[in-house]
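Two complexes come next, and they have one chain in common, subunit A, joined by subunit B in the first and subunit C in the second.
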Partner chain A sequence: MKSVFSLQWQRFRRTPAMVLSFFAMTILFVAMMAGNNPAERAPVLTYADGSMTEQQAAEWVELLNAKEEFSFQLVKEAEARKAVSSGDATLALYMMEADYRLVLAADDMSRFVLEAFLDRTYREELRLRQMESQTADAGFRERVATVMKEPALRVETSTLEGTDLFQYDNQLQLLFGMSLFFSVYTIMFSLTKIVEEKKYGTWNRLILSPLGKWEIYLGHLTYSFVIGFAQIVLVFLLFRYVFGFNLGDRFAAMLLITACYTFAIVALSMIIMGLVSRPQQLQAIVPILATGMAMIGGAFWPIEIVRNPFLLAVSKILPITYGLDALKGVAIYNRSWQELAEPISIMLLFGVVCMGIGINLMERRSYQ
Partner chain B sequence: MLETEELKKVFKGKIAVEGANLYLDKGESVGLLGPNGAGKSTTISMISTLLKPSSGDVRLYGKSVIKNPGKMRQVLGVVPQEIALYGELTAYENLKFFGRIYGLSGKDLEISIQRVLELVGLVDRQKEIVKTYSGGMKRRVNIAAAMMHEPEVIIMDEPTVGIDPQSRSHILEMVRQLNQEKGLTVLYTSHYMEEVERLCDRVYVMDHGRIIASGTKEELKSILSSEETVWMELDRPYPEFFKELQSFDGIRQAAEIGKGINFIVPKGSRVLGNLFQAAERHRAQIVNVTVQTPTLEDVFLHLTGRKLRD
Partner chain C sequence: MTILQTKGLIKKFGDFAALDGVDIEVEKGEIYGFIGPNGAGKSTTIRVLLGILKATEGQATIFGKDAWKDAVDIHKRVAYVPGDVSLWPNLTGGEVIDLFVKLRGGNNKSRRDELIRKFDLDPGKKCRTYSKGNRQKVALVAAFSSDADLYILDEPTSGLDPLMERVFQECVLEAKAQGKSILLSSHILSEVEKLCDKVAIIRQGKIIEKGTLRELRHLTGTVLLVETKQPMPQLSKMKGVAGIEEKDGALSFQVDADELDNVIRYISGFGIVRMESAPPTLEELFMRHYEGAGVGGES
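This part shows the complex of A and B:
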């Protein structure tokens, strides 16, 4: 097993370009896009149409800013449109009396988060207004506010996975999303070495040697695991210590989660290797699979803003969903080990099942 | 020492090998000859325990190796038809790895590497990346890799395919030496008749998955010993003459090749005299006539009705 494992490193040292490029790409993407942290980001240019008075518009902006999640700046319509069309801003908010529109130049991932925020705020405010109009009580709003501060009945709002409300941290979302996403490439392309061995006949040499078959598989699997794991961990370390991202201080938990995720992806890759008949097919399959899983699993935008029940259902069978959930659980919500047990064990289970299927498929396959 | 009994392999309903019976005695050099798709590689894969036969048996020193491939793998070196090497590594690194998986290490490993490199004549260029080698050099490393653990039997699947004449003759000479001087048992697969003629004591001829003839070279040739091959060269092609020639009694397998005609006649036949007269009638000028005893190539043609290579 050791000889097969170290052979892969020897080969990696000769042709490191591919793995290094995925590593570099992760860093590049995170570093580039993490600059757009909503808190520090330029305010969302906001304008209203004729259906609102200037004062009404100002009130809305004040209301939106009060939440302190995004900052909004009221401007003239022409100014906002010019900024968007010239590329100075990626989007602008267009307010109507009881509705809003986003004016977009390019598709910006952060717009989903903004949209979710606006949706929530508008709904809440409009409901308040509706009730206000139905009571004759002039002090209704104030009283709602006071009552909300001292509610007679406290209702804990919790999400399915944990006990936390959705908190958005653009930096960590990007860091976790991108590193888990790009590691899929590294792992899968590293494992294609098995398919290549079968194709080029070196596999037969290994089989004829006194090595056990499990040693050959284990050598390859361990290599892919280590290289995928190392890539993710190095990226984390880099952003923690060089870029100063706040990853929290529970590094052991994050290592464990990363390891389980890597294992799940290695196992999934085995199925893919068992399904293709030529190594070249992987050039097409891997990017589609990696991107698809990343989109649905919430690597590109937070899964919390996805509403489509079908996509949510699909996300439940992807290890990346659980990996991200657990990583954010540690770094953002500081969840307990008990709460992390679920995503971790799902990833492990996923890995074990896929590995079984994958090796079986591989054993049946001959490669041209 | 090694024998197969009624080996058969069916791939998804397609029979690749059927009823293959062959044996190798210690120190022998045996050829397995056949055109593309004859089933040579499939047979070899079954013998070397890489492929499970659909039925039949492979025995080493009388013991079946199908359930228990370990013993066979110990004594066997296999040179695959394809270049089974890691292209991004050097010849030295490849050999080192293939030695290590056989449990070699340290000094033994180093000695083995240099021994096989010397054998294939690549000592000087061992530190070069395999990808950059010529086809012939890759083939040589391919053979060297199978020799690292000093096997008793070596099975070579078309080890000279697609290489320059120089490398080819180097490889042939090397195999001959290994067999005759080191006593290595060799099973040599090829579709080059000359190679088998030069290297092998005994030959199996395979076609369409079956062994259609076997024996020593002489035995095989004696199948045709009552016949002679005639090569008649003319100053230009004469289609009319060729047509008439085909109708002559006793002439078989006539073929027009360029300006000449190749055919087989019974030994001592008088047909040649008639042929010269016919040539005269067609005003065909005979440049050269050669009468040969048959080659293995002719035997193959006789057995299968096809040439080995088209």
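This part shows the complex of A and C:
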């Protein structure tokens, strides 16, 4: 097994381009789409209602910008409307004294996140203003700020279904989504070597060595697992330490989830390898499968915004859905091990079943 | 001591029987030639022996172990060289040789280097750049570097030049001298004749002749070239005489071993001027079995 494993590394050293390109693409996509600094995102063009004074408008914009989640830029109404209608901006914010509207030319996914942010900020500010108007205390705002640092109560919110309230973190969504998506390519293309070896006859050279068949399979599978796992983990480390993404404090849990996900994808790849007979077929199948899984499983956008019951049902049989769910569960929601046990065990079960079917299919093909 | 044995080996692909009761036996320290035309079943027999194919019926054992069930154990002591060697295109010849040696658990570097030199192989080149002959050299160096007890060689010299063929023959004889056994399937009959202690001829999945070359020759008879003062009118009618041809005023014909005495007595009555006798070459034996016989099958 060790010989087959090191043989794969020897071959990788000679032609590392493919694996490295998927690694580079993950970094490129995440860095480009998420940006390493939220402030670098295009500002939300904002204009005020005619009833508001310039100072009032400026105060609101300052308040909205204080949270650093989005950047708001105060402009004239005509400029904002022109930018939206010409497609230069996806949306604009129309501020009223105690309310707001979003100006959209076409529906955009980022609207949900912005809307949630505005709703939260407006609600909070309006409530504070109401309280302020009812008290004669001049230092009310300062006192609120002090108290908020050490709240008397902490509220944990959950839905009726017992699931977490949807929190959207664009950076982590992209990081997890792209890492898991591109690792499918790396793993599946690295396992293509089994099909290639069978096609070109070198498989029989190994079969005729004193190695058992399971050792040869294990050598290949271990290599694919290690290379897929290493790719995901290196990307996580890079974005955590170099780009400063907040991945939470439970890195060990993330490693475990990544390992289970990688195992499930390696096993799924075995089924694909068992079904195809030529390496060329894989070049067509792998991109379709990887992209399809990523789209349905929520790698490109949060699965929480998908409402189609059919797509949601399909997503339940994809390991990427559980991988993303578990990773977000650790990094965003800080879920307990009990809560993580479900996605982890589903991925493991998926892996074991697929591995059994995959090896069976391959062996049947070999002796036909 | 029997190293390799097949008994009534049958391999069917659907309704077609590629092997139809093959019986061969290779003893320790013996070089066993396995010859037959394309598609006669040589490679199928070898694939069954190597545990790549499962026999439909019959027995195939190596070192007393079942070739299918105990394939991994058997492979520990067997070195195999195929006719068309597949190698990893982006590894060098040297790396592939090392891999094979490592897989077998051996580490005889001096033997490896000696063989590389003997076969005049450049081990630093990528396998994708190698010709068929060079790929075969890689497989031969890997095989003879290993400490195997049985060598299964399937058309191992089909891409080698005559010089390298001689090196190959030396390696085979060296292995034999060390008490190793060799199953050699080859089209190059002169090579088989030179090296092998025993030969089996396969046709359409059946062994039609087997034994030592001496036994085969005995079965087939001797070729005589005779020039007499007077013509021999009854020669063609004599028992055991076949293949009469006229060559430079003399007659060449084959005589069965058990009729040799009678035939010599007969021709001596016509005044022998010249008489040459040669045992039939393996090629003659082989051709005799195939001339006029329909050949075919699937290898």
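Brief remarks on what is shown
Note that in this section the second predicted complex is superposed on the first by the 239 of 368 C-alpha atoms of A that agree within 3 Å, B and C clash if a C-alpha of one lies under 4 Å from a C-alpha of the other, contacts with A are read in each partner's own complex, and residues count from 1 in each chain.
In this section, a contact is a pair of C-beta atoms (placed from the backbone, for glycine too) under 8 Å apart; a residue touches a chain by one contact, two chains touch by 3 or more.
In this text the structure is predicted, and so the values were computed from the model without any measurement.
After superposition onto subunit A, the partners subunit B and subunit C occupy overlapping space and clash. Once chain A of one complex is fitted onto chain A of the other, the partner contacts of A:G212 are limited to subunit C, with no touch recorded for subunit B. Touch criterion met: A:N204 reaches subunit B and subunit C at once.
In the superposition on the C-alpha atoms of chain A, the part of subunit A touched by subunit B in one complex and by subunit C in the other spans residues 3, 7, 10-11, 14-15, 200-202, 204-211.
For subunit B in complex with subunit A, the touching residues are 48-50, 70, 73-74, 76, 78, 80-86, 88-89, 93, 97-98, 100-103, 129, 145-146. The residues of subunit C lying in touch with subunit A in their complex are 50-54, 72-73, 75-76, 78, 80, 84, 86-88, 90-91, 95, 99-100, 102-105. Of all the residues in subunit A, the ones that touch subunit C in their complex are 3, 7, 10-11, 14-15, 200-202, 204-212, 367.
Against subunit B, the residues of subunit A that register as touching in their complex are 3-4, 7, 10-11, 14-15, 200-202, 204-211.
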